[in-house]
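Look for chain A in each of the two complexes below; its partner is chain B in the first and chain C in the second.
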Partner chain A sequence: MSTIDLTPVARPANAEPWKRKDRSMVVAAGLAATVPALITALVTAALGWDPSVTVMAIFLPLQLVAAGIVGVRAYGKRGIAEASLIVVTLLLTALVAALLLSVLWSVISAGAQTLSWTFLSQNNVYISPTTSLEYGGVGHSIIGTVLIVGLTTIVTVPFGIAIAVYLTETRGKARGAIRILIQAMSGLPSVVAGLFVYSALIASGITQYAGWAGSLALLPLMLPTVARIAEEALRLVPAEYRNGALALGAPAYRAFLQVTLPAAKTGIITAVLLGIARIIGETAPLLLTTFAANNTSFNLFSGSMSSLPTYLYQYISNGNDTSTQRAWGAALVVLILVGILFTVARVFGRAKKATSKSLTKANNARKAN
Partner chain B sequence: MAQSQSTPNASAPASGARRQLATKPFSRADKLFYRASSVAAYIAVSIVGLILVFLLMRAWPALQRQGINFVLGSTWDASPDKVIFQIGPMLWGSLLISLVGLFFAVPMALAVAYFIEFMANKVVAKVATVLIDLLAALPSVVIGLWGMVVFSPIAAHWAQLLNQSFGWLPFFANDTENFIGSPFIAGWIVAVMIVPIIASVSREIFSQIDRDLINGSLALGAGKASTFFRVILPTSGGGVVGGILLGLGRALGETVAIFFVLNLVFDINWGDIVAPKGGSVASMILAKFGEATAEELNALMASGLVLFIVTLLVNWLAAYVVAKAQPWRK
Partner chain C sequence: MAIATASALHSENVNVWFGERHVLKDVSLTFPSNQVTALIGPSGCGKSTFLRTLNRMHELIPGAGFGGRVLLDGDDIYGDGVDPVDVRIKIGMVFQKPNPFPTMTIRDNVLSGLKLSGRKTSDADDLVETSLRRASIWTEVKDRLGDPALSLSGGQQQRLCIARSLAMDPEVLLMDEPCSALDPGSTRRIEETIVELSESMTIVIVTHNMQQAQRVADQTAFFLATDGNPGHVVEFGATEDIFERPRDSRTNDYVNGHFG
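On to the complex of A and B.
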């Protein structure tokens, strides 16, 4: 007959993980986060090695080992995998951030040198690739972009909202298929949209290069964005609103126009703004349909037109320093436009959240009564 | 109402059939409203159809002359005595660049999604989300300018390092001194453009995972790493794959950014990714369009058609997979 051994066993190293945040762990973690970077920086500076080499060959292994040691101390063996996951995730995220910041910084720092009132207001007539930056600018391209994108927006927004209505308000049989098709359309290569309009309108002789052809080429690119985000916005409107309106005797179109649409207003505005942001920098379709021009043109319906992306394209291709400077300036203008659209969309997005919060608050108050 | 009360027999014969409770629009305005919305939806479908029809119409002469060799052969000659247009190298180049792009973009995008969803605190996560959205909204021509002026020299340096240390590997071979204009650089540029797409889809899917699954896994003693690889990834696999396919679709159709960083050569580059020659259907269309002869234009239309069909298939598959991965969203 065996007796039960009642002598206490040693506690496993990883018991009670919540109590293990002692001082030494914090210090170890801090060391593990800084020492590899310091060693790498020292080696790079002292030996004059290439930073891309030292980061890959010294920093990465050192950091993995250091994090692994801390991981083992904190959690035992499985800490190695955990520490590696954290190190790799942070490194890759930092890489993405570095790439993004590099793009933003290059555009802003190089573009700021070009930007001036002259650059924003003058057009490209009599400007050769080597003309100094005191003359000529993107004025005509800004006008062209506003007109072309504006026409696209006027056509696409009601169209996109109608599709969103079909997807959310009706019980049409093809909803699933159309939703998937709209998703698939969002990946339409922009050059194909340009080729389509070129073959349908320009090659068949219906029109020459013209602004409205460009607007038409941008339509299939903007439509999926508007339709999808508008659909999300309409879906967020509670069914009670619609049903309430219908129960009060409103016809469906009035229920939509006077109840659902106002309730989804902020979401719809976001859809429009993000749709514009999607197409404002599209180059390939405009090159094939509006081409480029040097003079200021307000006429969307005949004659080629300049737009910011095509201006940018023209001057990148030129290749000498002044041209590249102009390209950076135009890039900054595009970036600022996108930034404005984005900020406004964010502000509206926040307003939407505020109202939904106040709605729930009102609901809760009503329930309490 | 009154009528049905006075004649109860009227409903008797239909007792076997189920009553229909569906409402139908009856006023003229409502009918118009519903009709207009479905017409809009069908016009969207027909746009895709129209693109196919018009491109096919213009492309037919080129396709007829070359047959299947249009996508397999690798000669592009517009001189009037022997007109041959074949896009094999460009098609393969598009694929190669997209694969290189995915190779870099998928780990970065998954890391960003994991960071935003599971590691960062609220403020950092919000800022990171905005930045990723901003990256998605950067026009490709701006990325192209950055890629040509700023990034190409850096990436060429990386490519040179890879060539020096791993040159014995077949895909890091390069028999020229030049490292600018390689599929490696174009792949990086494509990666910059598709990271936000894959990241935002994956983040969306990660955020919809039932938290109880993750908490359960942690409570059972699994670490974060095993939770990620054995719970999060399998649960969200479909959506992540869909996001990757969406990225692939975008990569295949990328035009302007690649145009500025890639050296287009009509000679198949099977896999020497750091060698300065590559191809891309979309960029080739842009490059050749300006001075195209009438026959060349037909061939460009045919290239556009091929590109359109390929991307449509990839995107359709992606949208289907993403929709399948979110069954709760009807």
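On to the complex of A and C.
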């Protein structure tokens, strides 16, 4: 019997046979991807038509036909269906991406000129709609937004998680009713929440405009988001883990706190984040409950308070050029706040991996014996 | 580490319902201390359900119903005022699918039972080593106790789950098809572990594997459910009698592979 040579051999260049391509197909695909766009561009330039018209009337049919031809060459009849699916999917994706990017771009391009340290740190006292951008800013609104949204978050998150726990971990009889209620709540128009708090607390004379009234008005808007996403997160934890804990003699509350909750941690952080994102830009409820203010206020419990959305509203409704610029600036600051929040949560929410540190610790513990 | 003495377990006329459906009828079995008992039978005959009644995991299923008695050293675990949490501390369970806690390290998984039941140990390191040794996985994991439990292979995960149960020092260990998801090598190691463990505890194991029952079990019970009737025990006795001299023709057919 001959010996088998087991020395490893260097990977050959053609180790991916599934990626082999017929040269003529590559050329055809390249033509199909470029020719329709070129023709559309030429027609648009030559006739001076609106690009949105030529894209719909010339580019789309041409691209479908071109992709269809290549598809039929490659796969026969089914190539037509595959090619159309690819073209339509890509087009719709591009449409959504274009919408999203244009919103982002318009806020960033218009807001960037306004952004400065002064704008971020100063408040609105002694500032009129025509005051130049060298003076005044959204410092007081950032503080207001952080305080009002912070208070709402602190109050809402425990409630939201408690509802999610009731819906997933118990066999309570009211689960169906609560689930319907939460769904109905998520359709509540924000202005109605604001009006309710306004009429119940402010019009009735219980309190003046105050930050906490704003937090209260935001609560029913944030609660359904947190509860529903946290419910999903808890539902995704396999029952085997909870059963494993219960079989070890764990009371239900410990099984939840030490096994189910840690396993759902990332999902619950997402729930809180999306809840915050849901309310951070709300304007109507805050106009009705905290109103707007020019001075910096740290007091959530009395006096009107500024927030980024109400500041934006204050200036965008003015119509003056510098006012509009300030409004764009405020919009950009809201976006940046949300961006910071998401980044921080992603970093903290990442699943914990065993670090070399914890390894060494365990090893040392072993050696000590 | 003090090892608890094994206890005898005894079921008297255990009946189980799911909703209105009667799925298990009049199961009376005796599990003598330090013996391994195998529960065999075709799928859906109620043997896993019966196993879950032995440490009160059964009642966690919505719509579950129960009748009869289960005695641990003479005390009814379904008696008035008995806390299911205390029952499950004394009667441990290993599941069909390995289920180490995903957010914990190997070491924390072994100690999880103590933490979850709110107890303390004077020497955690010693308990970790002893438990992992008894589950015969110590040499494989001793250098990586801080790794996540999910970094282990399926067979290792199952032995970690056994170690996790052993750290609670149970009097009885219930195993629900513990090897059905494992390769032959891991299966053999777990079977050896079962035989060693029976020196210090009573073991009840559900298995679909006839050879496994013959290799590990002192006694065997054959469950059967026919055409919508509740499952029941057809034959119960010493393992060699069940496999070599079955009294019932259905037992004979099943253990010889004629059906199921």
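Going forward, the second predicted complex is superposed on the first by the 287 of 369 C-alpha atoms of A that agree within 3 Å, B and C clash if a C-alpha of one lies under 4 Å from a C-alpha of the other, contacts with A are read in each partner's own complex, and residues count from 1 in each chain.
The rule is short, and it goes like this: a residue touches a chain if its C-beta (ideal position, glycine included) is under 8 Å from a C-beta of that chain, and two chains touch if they have at least 3 such contacts.
Every value quoted in this text rests on a predicted model; they were computed, and no experiment measured them.
When the two structures are aligned on the shared chain, A:S106 is found in touch with chain B, with no touch to chain C.
Of the two partner chains placed around the shared chain by superposition, chain C is the only one that A:G244 touches, whereas chain B remains out of contact. Once the two complexes are laid over each other on the shared chain, residue contacts for A:I86 go to chain B alone; chain C is not touched. In the superposed model, A:Q258 makes contact with chain C only, not with chain B.
In the superposition on chain A, contact of A:N295 is made with neither chain B nor chain C. Set against each other, chain B and chain C differ in how many residues of chain A they touch, and the higher count belongs to B. Applying the stated contact rule after C-alpha superposition, one finds that A:T34 touches neither chain B nor chain C. Chain A uses residues 251 to touch chain B in one structure and chain C in the other. In the complex of the two chains, the chain B residues touching chain A come out as 25, 27, 29-30, 32-34, 36-45, 47-48, 50-51, 54-55, 57-58, 107-109, 111-112, 114-115, 119, 128, 130-135, 137-146, 148-151, 157-158, 161, 192, 195, 199, 223-226, 228, 246, 249-250, 252-256, 260, 282, 285-286, 289, 297, 300-301, 304, 307-308, 311-312, 314-316, 318-320, 322-323. Residue ranges on chain A touching chain B, taken from their complex, read 50, 52-53, 75, 78-79, 81-82, 84-86, 88-93, 95-97, 99-100, 102-103, 106-107, 159, 162-163, 165-167, 169-170, 172, 174, 176, 178-193, 195-196, 199-200, 203, 219-220, 223, 227, 251-253, 256, 274, 277-278, 280-284, 287-288, 309, 312-313, 316, 324, 327-328, 331, 334-335, 338-339, 342, 346. Put simply, chain C touches chain A in their complex at residues 55, 57, 60, 62, 85-86, 88-89, 92-93, 95, 97, 99-103, 105, 107, 112-113, 115-118, 125-126, 129, 142-148, 151, 161, 164-165, 168. Across the complex, chain A meets chain C through its residues 171, 238, 240-241, 243-251, 254-255, 258-259, 262-263, 265, 352-354, 358-363, 365-366, 368-369.
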